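Below you'll find the structure I mean.
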């Protein structure tokens, strides 16, 4: 932990849509952070975002941002394949680290990232934002208070509003980049339990013409935990009605649900029935959660506690994703130990 | 109370839509009743309904039905203006009486009906069916259990699905035939309290071209109770989205709500948002309540207890309606004592 | 089809809770049926129910009921292991047949029942009552109208309110008697598609002390259809909050949901938050559906059309259940062809 | 309009809870504003808030803040009785003005404020924040699109979570400070219509022991508009379940509703039923609306358009409140012209 005073001086790596939103949060929404630098390899991108958000420095090379002595923490929002190396480099430079999911794409990389942060003694937090969404957090609190007893059946789902480029989606994407959120949610909703094995099925139902290239735009996963609980994770890349993220945990003493497709509480009653608006964009659903996770990160950088979700959480969710990929390939149940050993 | 055994042998007076539905309930839905006779002055109407429902006798003159020794109880579903005389005649003949609302159109008639039933010692129940709707009954139970503390603010509303003939509606209809339900509900939701005064406004908003003839198709009433509670009743004759009956009671310790415009729990999520079907017909909303009130009546005829809602309940709701009519005419608050004294 | 006039004269076989409820419906709730006979092997059971419901005949041997010339249709509500033989006997006697689920416990028996009804030319309807629940039927209508496009992800779940005797539950029960409802619902919600394979997991989570005897009180099933759709069925025998049956279908153009744990629409707002009552009993959730399926049956006996769900529907749901049992045993995906060939 | 570039330089007058929250929004949540000065007569208050929020100047005398050439706009969040004089002074100094509700406590003062802003040509916006709440704004949009046809019945209610000091509440407070929000909402939900008259009842139901001092903690108002629409506004100062603000507009073609007492979408199902958390604080319900109204103000200061709600809106809502006070006193309907003439 750094013991500096004042707002945490953060450097942002990556200025795509989520990077830019994080930049806005760091610069404007979170009093406890300052956005001091932006790095993006695309010509002019870092300058533009830095200028708009009042950051003093703009870099095309993330290494320069990491080396900047004015930067005490980094938010890594680059493409996923660069995450691990950036974590390792930032740790080596002694920077506190917030890294978007997935932190790594292999178990070896996950271990490398965790080890680097541990060796450097720097905070490492992973961007599983759903833990910071009000409804999901309230559900977890009910679980912690014993309100549902022992979890027995869990569900987590992600349905994106569509508009993706099927040619750009790799076979593992739905597990490594989308369902990894659900895997983290399911683990978080079943505290203390470990995953035994998974069974995954997937298909190209939105774009069947890409099925031959291995596209999976729809997937369903069954997960068994060592406390007996059985979980289902489900994803689809094209929901006609908007962005749909929900969770449900059923236990020996009750059930909690979280997530809602409604954009707000307005309801319209007319000759065709009763209707209400649905959430169209990821950012509309998780605006506050994205902000809150960074506010928590800043508090932890200033010594409030150990950041969560941790690198170990990222590794555990990754292991589920990797087991799913193997399960789809083999059509069989895959023990988690088969991908982590 | 009659001490006969077996199903209660009921004669139905009036075979309009609610009469016919009551007839079906008596004949088919309620094991504790038999429909033995039907009376309706319209040529052939009683025969037709009696034939379809297996009743043995059909009369054009209600007096003949009342005199029929096989009939031990009557359900009066004739037009409202005949209710009181039929109650009085049935009481004189020693029949148990279920009468549709309004039991009477004047306080004198209400008193006459109550006195007749009392003198004859026959059960008298009034058709305020909302008391028997599951959600409304559950709300009242919460109130009885102290779940909202002392009632302070109440609301009851009725919105019909439209299609009425404005030329057939009299100025007092909205209060005497529609809002009288809400007046009973509000009294029932505020147990033990008496109404002090009312202020009513009304207008012809659905059919403004009939405003000159005194049509009121929209009305709002403010009611003050002697325990301080303030209630609002509201009605409109043409809801585009169907049949809407709701209640709300706010008190010192909480709130209960009852009523729902949704026809069922199905929800459809699509590019236009989230939607669900609404209830289009009165009968769809209150089918079970209409049946339950008659089942209760039968049980009370067989000695289970004193029927409710009582004649006194009908008189109290009527008094509110009459005060409303005067309030609309004068534009001023009207004390209940002004119409009951 | 019989071309008799008047109400369908039905004999009831089995007077357990569902048999008795069906008997009440036949005798009292459905004008188009008469309950003429009851059979139950338990001493006095048939007499008691027949007496209460006004049926003229009571038998201890179902064969006698089937042979009764006054009986033109039978409702089979005996224990599941007798269903097939009773269907075959009733068919041989030329009776129209309504049989509770499961119609058969083996594919051979299912084929035998279907063949017997076909050979005799009698109507055969199976008691998958959810198809007749208002919300589920409305969901199916949306699907039929194209409101969700092509189904891609489906869910159906059953959670019983608990109180079962774990010693009395056999390993296959959760699939053959409980989830068989969900299997039918999922097939019905994905019209025209066939099941390819299943993967099922199950455990004794409610009563872990019975796990060694093969008890499954919790199960999750993944089903792949030949149109690409992926379905999840889920069951648990002990929901603390009551009886929970829900369905969800997500497709290329939207989603429909059906089922609701709320007992009614009343809501109570208090210092602890907002709350509402939940449904505690199966019969509270499906009262109208149980009645409607028999009303439909009667209409079909009188020639309205071919009864559904059909024997083939029962066979198809059974095949899924049998594949699930094998999948739990082997831990592997099981093709439907493996249990039907 | 000022044609300066950069964020709007705002001075905050008053640092009570809403003033402080507005200060945070100006300093941190809204990129288009800078908080440059704070004024508060309480010793040390302005310094403390200015220090925490990074404002450069702190004043005990609002006149000094208004005279500060670095301040180009003021947000007036002082006690209500000072609002008008501050508006007039700020206008005279050429500052853009955002004033909390109520802008004035008399019609004369309202006219004076409006005239001062008009004479100075400065923007004047009033803090009716509900217009900026997502659900309320969506409801208004439906109205504007014709989704409910012509408004006929409206409802707006405010129930505070309690904890007020009855000795500090004046007789008019419930109308001038609380229901004035609802009056604005009702006018805004019935665009283009003018209020004809009101009838108001009120009582001390939360603290009956203060009734003798004229306390009103509960009130119900009926409002007639010149397009025939009838509205009800309702308030209570102590809701056991939290903060409850809702609106409903029924018209010739449908209904819209806005507002929800639920704090978030989490639901908990347990042996006692189904429950969810309710909103406990004003600020939890309107956080985004409070921010959005100031963001809109800043945009209008920079020339985006004429600010709304306007001074005329404030005057119109005030007139309703004043008529209500007279109506409570007289027990009679009061024409709006009686208080505005």
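Which chain is which? They are A, B, C and D, in the order written, and residues in each are numbered from 1.
In the analysis below, a residue touches a chain if its C-beta (ideal position, glycine included) is under 8 Å from a C-beta of that chain, and two chains touch if they have at least 3 such contacts.
Remember, predicted model here, so these are calculated numbers, not experimental data.
When chain centres are defined as mean Cα coordinates, C lies farthest from chain D.
Should one ask which of C-D and B-D has more C-beta pairs in contact, the pair is B-D. Between chain B and chain D the centroid-to-centroid distance comes to 41 Å (mean Cα coordinates, whole Å).
Inter-chain spacing, taken between the CA centroids of chain C and chain D, is 57 Å.
Multi-chain contact residues of chain D (touching two or more other chains) are listed as 240-241, 244, 253-255, 262, 269-271, 277.
Remark: chain A residues 28-29, 31, 134-136, 138-139, 142, 147-148, 253-260, 262-271, 277 touch chain D in the complex.
Residues 149-150, 152-153, 159, 199, 201, 203, 205-206, 208, 218-220, 222, 224, 228-230, 232, 234, 236, 238-241, 244, 250, 252-255, 331-333 of chain D are the ones touching chain B in the complex. Of all residues in chain D, only 240-241, 244, 261-262, 269-278 touch chain C in the complex they form.
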